[in-house]
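Inspection log for the structure reproduced underneath, given as structure tokens.
Note that the chains take the letters A, B, C, D and E in the order they are written out, and that residue 1 is the start of every chain.
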Amino acid sequence: MGEHLTFIGSVTAQLVRAVPVTLLILAVSGVCATVLATGLTAMSVARSPLPRLVQRTWTFLFRGTPLILQIFMIYYGFAMVPWIRHGILWAAFRDPVFCTCLAMTCCCSAYIAEIFRGALAAVPRGEIEAGRACGMTGFMLLRRVIAPSLIRIALPSYSNEIIMMTKSTSLASTITVLDITGVAQQVIAHSYRTLDVFCAAAALYLLINATLSTLLTALERRLDVDRTPTPLAPIPPTLEPLS
Amino acid sequence: MMDDLTLLGFGPDGWAPLLLKGCLLTLAVSATSMAIGTVLGVLLAWARLKGPRWLRRTALVYGVILRGVPELLVILLLYFGLPSLILSLSDTFGWEAPGLPPPFLVGSVSVGLVSAAYQAEIFRGGIGAIPRGQFEAARAMGFSDLMCFHRIVLPQVARVVLPALGNAWQFNLKDSALIAVTGLSELMRTSLVAAGSTRHPFLFFGVAMALYLVLTTLSSTAFHYGGRYSNRWDRG
Amino acid sequence: MTVPPPVLTATNIRKSFGDREVLAGISLEAREGEVISILGGSGSGKSTFLRCLNLLEVPDDGQIAIGDVQAPLARNRHGRLEVSDSRAAARLRTQTAMVFQGFNLWPHLTVLQNVMEAPLRVHRRDREEVQATARSLLERVGMAGFHAAYPKRLSGGQQQRVAIARALATNPKLVLFDEPTSALDPERVREVLALMRSLAEEGRTMIVVTHEMAFARDVSSRVVHLMNGRVESSGPPAHMFGADASPAFRAFLSPAAL
Amino acid sequence: MTVPPPVLTATNIRKSFGDREVLAGISLEAREGEVISILGGSGSGKSTFLRCLNLLEVPDDGQIAIGDVQAPLARNRHGRLEVSDSRAAARLRTQTAMVFQGFNLWPHLTVLQNVMEAPLRVHRRDREEVQATARSLLERVGMAGFHAAYPKRLSGGQQQRVAIARALATNPKLVLFDEPTSALDPERVREVLALMRSLAEEGRTMIVVTHEMAFARDVSSRVVHLMNGRVESSGPPAHMFGADASPAFRAFLSPAAL
Amino acid sequence: MDAAPQDTLRTVVIGTEGAFPPWNITRPDGTLIGFEPDLLQILCQRANLRCQLVAQDWDGMIGALQAHKIDVIADALQITPARKAVLAFSLPYAITTGVFVTQKDSPLARMANRGLVLDLDANPTPERQTQALAALREELRGKTLGVAISSTYDAFLDKYLAGVITIKSYRTMGERDLDLLSGRIDLTLDDTTYLRPLLAAPDAQDLVLVGPELIGGELGAGEGFGLRQDDAALAERLNAAIRSAIADGTVKRLSLKWFKADATPDLGPDPASTSSGTPKP
């Protein structure tokens, strides 16, 4: 029993040292994916068909396939392409952390865009019309009228997504990144104590996620004007399949 | 090229039958776990919004833990941890040792339990998006809570949550890949095994991606029509 | 002549939002067949009072009874009044109906479904019969051509009329109207008033928040004027609209003569 | 006396929803300082017409000009009318304001912020000045005590008054009112009418959909009666409320004398 | 529990990954082939076991063993002291030498001491070996070396090359090989049993074996079957079968067939007591 605890203690110490790597991937891809998702959402309601098609294709591809395969294809697949391998991009693609961030940005942006799209359609029409009626357009309408409601509606699902992303960062370990899972897998390979090590790693992920969800819930509370749900009217022509 | 075709064909050296079987298994696990997740998710959302204090707390803690812990661990614990515990208990107390639970069931249940935690959040957001007046109108007519939920909340919540549920479904499809640890050869493991055994990783991962895309397309078409239907009163 | 039994008895209802006291102790008794108009300035608490009557808003203090059944209100540990039995509350509510100021139609149901929903699901009445009632009610509010329309596509006045039909569809003992004619043109107002008058004649009890003085004067059996969270004055319309009405009520009315 | 220039010219506006023709060709010219009341039955297309005027609803046919600027409407490939330049449309809208039938306050902004939003963000006026205007407008509609409240906590009439203050805050050339007094008590109605009258005297142009006959008769310079998607009759109030008004309009009015 | 005599028939379930050529490979029809399946067929017969071979993902392997879902792990497990804390091992049924591989056009392709076998257990250490290890340190300074995560070269690398090279761990050998080809790593160290067949494949034309071959010492005591620690009876049966298969050359025959090299371990003399599953060095 005592030996057991010492083992878990030393494993935890090793894992904690890998936390910054996990957080780095999460932060970079979280920010990039959100920005990209905003762009995709804008494209999804664009007037001309081209941006809409791009958005739909993007969502189709990146939401439709497992992230682990995407990471694999970006990391190993691009290395097979001569002009990447011998070009200047190789400096970036050589790095597994970069490849993970890239794959996660692409994949998660598709998910987040879908969330934003649903929320956008749920913003009450009347509020938007009131904005239009006093001469607001495009960006201002978005920032002053749509965004406040949209964020409030999207936040629970968005928090979900961020928490899923935290766990997805563990896939970086499959391409040699020594994040929490990477280190855990190394320890397992030498000790074969799968369950012990996974539990220690899980505790760390739980800690990160509990912190994140506490923060996001607090944000949700702050944004909620008077603790009662917002009324809303219409919603979306949802999820059109790629024709 | 010829080589690739043989590998993907139905012949003695072709992986097509195994890959298709994997596909079906993936679909079955995802659908089962989605059903479990939706039912439990709705209950959890309801508990968080309307339950007594202790139930609200419990639902909250459930959500934080099941969302916070990597899915793989949930499966490992449920599939191996729990039976080991029962085994050691039955050893201690001299009971008849129960057999291991069927992998399919455990896999679906564990993915479903995780999915429920996510779906609870989605439904909570969705219910929050329904105008209060809608509930009040129902309550003023003497609807019970359950009826109010069934007749007023569910139909309206459907259109708000469908895109997010679509996300959850996609996630389930992919989470189902994790149940490979229970020994089930779903799509992901089949392609990993094929890639490892034939040393053609790109071929098989490419095929796996394509197959996932097929599953996705089928399901998002379903979601599309579901969305259209649930939204019929808001068009035009 | 015997006095009809009371359908609603509200005693000393109080309600504050934060430190704004909206209802400062209001009592009201409505007997069978009475039509009570509640008048008062904007923000004087009329809607809040109506919502307290069917427990959509839990009062801070006071008692409410529908018929001779006491509303299930009890103080919790912290001394706040609470609905102590939500089933009992739901049962009480099946005997009342309400027309909301904001209509609150259910957007996912068509006009006809909106009207049929409560009698079908809550009262479990026979579908044929419910449908017949619903159709005739919609006819009476002039919405016969809109059975299959969804509320979003209706104009304000059309929504209001559907809301009225919906409230009447369960054949309730007591109907609470919150400004039922605010969105209607004079022609429609007349029709709705005629409808309400005929309901009154059938002996239904109604409590009506309204800014329509004509209605208060001609249809109601009693007029109640709310001011500063209290009943400032009340009485039969003949008295309230007569020469010896209270000065405050006269001041409230004067612009109507504009 | 010279004729003031037209502020709004709408020509032959048509609009159908599905196969229900709501506006069957309506033309209207509003000159500076005019107050035009639009009357009509519930569902006669008043709101739809108002919404077409600032392009919230795109008409199927017709032309609209604010001042001498033509609204940017053009047919697309399929022959449907469309807003061809959304910036130009926004620019036109900065010169108009609208009070919605459903108020449409922004729920995430306080009362004061709701009123200050457009002049601050769209017109980029000076904050001090905007705040002073907003405060005085809220004062005039009797909402001075509610600066920090969120719309959801307001009563119907209070929301309506905030919506009126919001519309006037940008100092627009043309104001479109959709039933601006429907949720108000007689006292408030008088105050709002007084406010509108003073606006009219300042030379502001207003188009008002209303069921308030007193307003139509006493404040407006012209009354337009919509029926079956057309202008059934129109003219100065003295004429319309006089003896030789059209029979249809007289029928429409009669219940008001109830 | 079941300390039954050798001659009672016992059913055992054997877990293998099925994606680890040439040790275990899955055929498209789902059957398992490879060195281990072949060997097990013979061993089971000799140990009077009715064996059922199942494919199982590695992440769940240990859990499955401990939950009695499988009784034996046959997945080229290398026997190391750390792992013995969790698992019991049978005697080794193969021992492999470690060897470096790099790209043909890499400067490392001309590494010294090619083919020299360094027995890390040799005592005293021959002069030649000490020099070779020192040369290795110099040649590899600043290089990146990839290993598969399940392999056991870390102890060796820690002892002889610590601070000199950068090490990257891969989930599978296949992925590591891809990175070797793409140039993200300079060389890899792996078993000859794996690398020799790989280099024979057409898509590995650019790779070449370099430097000395390593055996013994920190590399571990060879590959053995993983068992539950309380299942001594099964260990005994398997050990006896392994001894006989080694003695009659079966192991040698199979390893030549699958590895193109002899991987027969040297078990030393058969001790009188077989209660311990550990081989004598």
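Quick notes on this one:
What we mean here is this: a contact is a pair of C-beta atoms (placed from the backbone, for glycine too) under 8 Å apart; a residue touches a chain by one contact, two chains touch by 3 or more.
A quick note: this is a predicted structure, and the numbers were derived from the prediction, not measured.
The chain with its Cα centre farthest from the Cα centre of subunit C is E. For the pairs B-E and A-B, the count of C-beta pairs in contact is higher at A-B. Of all the chains, the one whose CA centre sits at the greatest distance from that of subunit D is E. For this pair, subunit A with subunit B, the centres built from the Cα atoms lie 18 Å apart. Averaged Cα coordinates give subunit A a centre that lies 39 Å from the centre of subunit E.
One simple way to say how far apart two chains are is to compare their mean CA positions; for subunit B and subunit C this gives 47 Å.
Counting partners per residue, subunit B has 72, 76, 80-81, 131, 133, 201, 234, 236 as the residues that reach two or more other chains. Within subunit A, contacts with two or more other chains are made by residues 76, 80, 194-195, 228, 230-231, 233-234. For subunit D, residues touching at least two other chains, in rising order: 17, 102, 153.
The residues of subunit B lying in touch with subunit C in their complex are 131, 133-134, 136-145, 147, 151-152, 155-156, 232-234, 236. Of all the residues in subunit D, the ones that touch subunit C in their complex are 17, 39-44, 46-48, 101-102, 142, 153-158, 160-161, 179, 182-190, 193, 211, 213-214, 218, 251-256, 258. Contact residues of subunit D toward subunit A in the complex are 54, 56, 86-87, 89-98, 100, 102-109, 117-118, 121-123, 150, 152-153, 166-167, 170.
Against subunit E, in their complex, subunit A makes its touches with residues 76, 79-80, 85, 94, 173-176, 178, 182, 185-186, 189-195.
Per the touch definition, subunit E reaches subunit B in the complex via residues 17-21, 25-30, 54-57, 59-60, 63-64, 66-69, 172, 174-175, 178, 198, 201, 203.
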